[in-house]
């Protein structure tokens, strides 16, 4: 390997390095700053989420040496770590709101990030209460669930909903971008894609979950249950003069209490699904559904059957 | 950062810690015990699965310095590790069956867990034989597969089926909860959700796989092939007096030998799909299909076509 | 634990080890060789991809201490690491092409692998340029995207497309198996399954993404946008005399510029979707679609509605 | 590298492995047992010591994120870890007392080890009190020490004395071998070799410390100070019929309160150095020294001086 | 293990934790502060030193993949890391100077720490030049040294001198405590104890080194060579009214250029050893030595020889 | 932190980096080469030594899960790792012998390094046999040793002698520099400095050990015992025309069988210490000692005693 090729090695290395580190390369992005400001870190955010799970469900995630004697110590240590990680990442997120070329007011951002960390930790007990209702809903509602413990240890939906509730809280506290990174971590882990902007009530259950999509402006009541592949999506976008979608307009459905939506159904647009309604599997729904209505696929008359040797 | 806020820091930390470590918070769950008993550990179970893969497919997963000279040493060391991890996790799983308030017979649980570890390792060679048939089925059946090695290195379905076969064996050996954690690890990794309770024959193939769901009481013959998004699910649940699903009733389909089910088809309820049947993509099947039958979507007469400027 | 069971421990360990390390066990696979040759390593390939992402999007992935002062140093160090990892893994991949029983020309393979590493690094700047167009397409086309930074930090599709562009380049450079491992890493991470053999133009966007499948011989133009669950698949395979699919025949669709395909649509077989066409959600398309055509689901006349107490 | 040499590789590997793993190889040692019993682990003992240091001197060693708000949580978590590590290592130590060929009573050993862990943790506060006196002695007595904090952060003697006090306590609690491993960790780290059997009072100080040796039966009062290279050793050993030293006889000096011993002095045999005595540097002392006596080297009359060109 | 003992577990854990985390326990030390201020971290300082070594001697320490093509990138990345670590640790050190009860001016401390980091990195090239003279001296002066490379890779003295030169620079820049931690790291690693306050010229050599002690106010010229066990110490301390040593008075020797001091010699007190002097092994020197003088041990007339059976 | 200082940051970083990575900086050293050649790596050599210890003393060092059932697997895996590490590091060492400016014959170096690795592993069993004699000597000869196991777990001398025997073997096999790095690892760990060139017989014992120095040309018989601080050194060096020591001349003592040398004695120059001789502590010996002679310090007539208030 010690031949003339090595001159090429040096040349290639230096040419590629120069091109890839040129500031022009990241046009319209100015997240890289001078020394001192934190950047959002996928690994630290992931660690933050792991710690949230470990204090929301002690003994189920993270530290496996917790017991009834040491639980308060374990939770205390983890909460402190969580606060530190969040404070740094909240700063990183807030910095992304500073326009290219503008100077960040670091002191103010640090203060705001510190407040976010405090407020977030303060709301963890209430978050835990809501998540316990989700566990209950998934345990009661699934004949395959043998215990509440199994739901916590195994159900991907619980992980996705936990990340959502964490992210939603951070969004309420005014942190940009980080909430979305958090729900995408769960999307990657579970195949369930819940936008942090959605509003979701108590006793929320998702079964299996792969392929579920819940859009940014969706509103979901209490005791709602979804199956795998359900989309609560937008039907179409209002376009601006350049034919690009206009951002920020409500465009996802409103789902009432006690609604059940079976697998692979798509509910699209700013429509309402009334309380106690049931949406059958594989349906494509783009208009309102009244309270208590049941929608099912018509008789499977579009299936052709024939013997394989026909 | 050293301002009055810090008093709030201490106060918030202590309040949240106290609330989150209160025993009341995990109602109906008593997995946390006094010193000495292991808890199920997601990271140790994940490590256990990684080691199983490394001994079932030496050189493909895990240790990358295995060669023809040292293979027996490598496999021996890994099997020992696997046994130790399993013994601990099996104990942890068995403890979850002990009711809240009851005292666990630790000696008996330890003995049972030891037996589980022995029996499991003893059955690894047969498990490997079956997985080789799965590799063969995926290699032969997929025009995109260039070699058997590629199937082992790349196909997510092989990972999901490996986890399933490990978990199914542990379920047979009487270990609670851990099997489900193992199949959910694969669900997260591959988007393929196979319940450890399902019974699956040899030469089983899944292509692409994202979104596949195979329920707890499904029974699948030999030489069966599924495509992405296929659900072998329940149609409806028998409800108890509280309107909650009754647990433990057979409610998923029985699939005969040599059946092929194309992408996104849903086969629901305790129905039978006869040998050699073929189920077309996107179908919603809730009634029995006879041996050798082919089901395809009727002519796509429900699609409207128009020019985009109409 | 120090009872008669321990004799069983030794016996079980040795019997399983012998069986699992037997060369017969991996029939038709001869990837294990004598000392000196590298095997493909999932963890090293994963590290390679992480480093590619860190130099293609500095500050977004990987090293979070990069800033405007040190960016060239960081990128240079990472490029060197990437080259080393790739050189080894390319060797490992090339060795898989050596037939069982044949002797590998290690010097030639090492030379080829070195060239691959050089050529790959040399093409990183162009790859970055293309990926910037993908970011742009996803930012402009999604009303939920608040900034380009958010797209890079959060969108799973960007990760999947990055892995695809890396893998596609390695396939062009003649490396076997490794490219597929790389796209499967993204498949696992995002639920988006793009075969490295596909050809994909600039400004490519996928929204949500879970369940998307793009087959090995698919061809996709510029400015194409897909939603979750879209399959660009094969309709049927030509079979050989043993009834097995023939490998290597074009069997996936050709998608023109500016096409949009909505969620869960399946486009199957070697058909053409003309420029500017729009394919509605949930459709099953197996015939050509003309330029500018719009396909949507006919009126949802196969849905039955009734009040839940009927 | 893929030449005939490789057959040698396999042959050499297997021959060396067989020879090195033969039970005959470790004659008179039977520490290796069947499955289930822990072995002393240098890395776990080292971790145990690190944790002891972190709870004895919170904020100085180990966890660097401790603060006044979270200190109790941090210390509690560390104490629990310490207890678990100690319980396992105490078992490992106790097992070494079981004769070759005899069967260990694992239940009794486990019970004893548990008791050791409890008793050890219970005595940590008193150990901390004594170590604070050592800090005080080193701060007051060394003109180079600028603060007590510097003593704790920097002085190797404090590490050696801490390890000694930990090891001495474990020896009192009846744990074999582990105490010696702990003092040897400090010997390696600091060059100070204190046998865990020595008895050492409060306000103990060592300056610089490299080369200090304190034998197994030495007894040291309060407020004693040693400099580098001091040996408190044995002068000669009583021999048995085979001319080997007889084990267990008191053979090291007794040092009274307030004694100072300067660098490289050797105090040998079961002699007494009376209270308030001062031993000058480089001396070789083998007879008793009375209370308040000062020993110094006679005038340096054995040094020859000449100009270098003589 | 699940017996009555467990109540003791909880009780012992909580009692010890409470006692050990009590603020009273660390009397006269107030290094623990509220949230936000860094503490000196032994592991981060150790990392800082490792990185200094890796940039002062690229390819010898740390990163082993540095080569002529990537050296600038590697060094740049490491310098940045080093700067960050130093900035934090310098803050931690400066905070130790803040009196108990006083409020730290964090902004000023941060500014000073930043300046320290800048100035330190700026002086690295000069530090490297001096260290190259030390390498040269050790290579030329030791018949056992086969190459300069061997000196850098192997000689403990080079590590000790490197740490000293780093620490001395930080002391000059006004950083408390951290310099001493750095020289103690080398003391632990090499048995060579050089106080950061000492002043040492170019071409400094130490052979073997174990037991060498160089006091805080020692001054050493150029081309000086020491052997193992040499002490440049204090003879006696001026005491204050409490009989404690007064801090900060010059009390260690001044060593002229080209002096050689052989093994285990002790040079004590504020004396001068003139240029070109040679001090023989094992000597105890407490008075001035003139330029060019040679001191050797008088004829070994204090050794008794007899046959062992006498 | 985002002030004008940052321009200084960039400037300082770039200036220091340029200076430190300049090739001129390492004058007379050309260890840095182009891509592909390994450098000696302290961390890999350290790992190599750890693995040697783990196979020479299975269960005492390294892997703590070895037992009688899995010992052969564990040892086999470790031997393979050891071989790989050694092969790479031997190459790195051999490359240091290539003169600056000359081109290395990489193929020949690789072949030689492979042979070294084979030969080294082949000699491990004999090395183990010798080390067992050392253990025996230290157990029998030390009244403080309670078991052979304690000697292996705790005695620093055993670690130093193990490293020496490893390094000596590598020197015999013609590997430059690496052997010295290995003995310096032990020097750092134990304070015992044995040059790999020394020749040392069986049943070798060192007690305590800190400060022991054994020179490159020393020859030591069987059943020799040394105490702490013993130097087997050179008395003076033959100088070349530049007044620098001439390298490679025998200059250290020859020690006969059964010799005992007590603490801090210095034996200097190419003298002979005859069989069964005993050298007392603190002696300075520069002339031959006959067989069976005993040397002790004359009556301590150079000590002045006075009461401290005199």
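A, B, C, D, E and F are the chain letters, set down in written order, and residue numbers restart from 1 in every chain.
One rule holds for everything that comes next: contacts are C-beta pairs under 8 Å (C-beta built on N, C-alpha and C of every residue); 3 or more make two chains touch, one makes a residue touch a chain.
A quick note: this is a predicted structure, and the numbers were derived from the prediction, not measured.
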| item | value |
| --- | --- |
| Candidate from B-C, B-D or B-F with the same interface as A-C, over half of contact pairs in common | B-C |
| Between B-D and D-F, the pair joined by more C-beta contacts | D-F |
| Chain C and chain D: spacing of chain centres that average the CA atoms, whole Å | 56 |
| Distance between chain centroids, defined by C-alpha means - chain A, chain E (Å) | 51 |
| Centre distance in Å when chain D and chain E are each reduced to the mean of their C-alpha atoms | 23 |
| For chain C, residues contacting two or more additional chains | 1, 6, 9-10, 13-14, 17, 33-35, 68-70, 72-76, 80, 191, 210-211, 229, 264, 282, 297, 301-302 |
| Complex interface listing, chain D residues touching chain F | 1, 5, 8-9, 12-21, 23, 25-29, 31-35, 37-44, 96, 176-177, 180-181, 184, 187-188, 191, 193, 195, 197, 210-211, 213, 215-216, 229, 231, 233-234, 237, 244-249, 251, 264, 266, 268, 276-278, 280, 282-286, 289, 292-298, 301-302 |
| Chain A residues touching chain E - in the complex, by the definition given at the top | 6, 9-10, 13-14, 17, 68-70, 73 |
| Parts of chain D lying in touch with chain E, wherever the complex brings them together | 55-61, 64, 66-69, 71-72, 74-76, 79-80, 83, 110-111, 114-115, 118, 121-122, 124-125, 128, 132, 140-150, 152-156, 189-191, 208, 210-211, 228-229, 263-264, 281-282, 297, 300-310 |
| Parts of chain A lying in touch with chain D, wherever the complex brings them together | 65, 69-70, 72-77, 80-81, 84 |
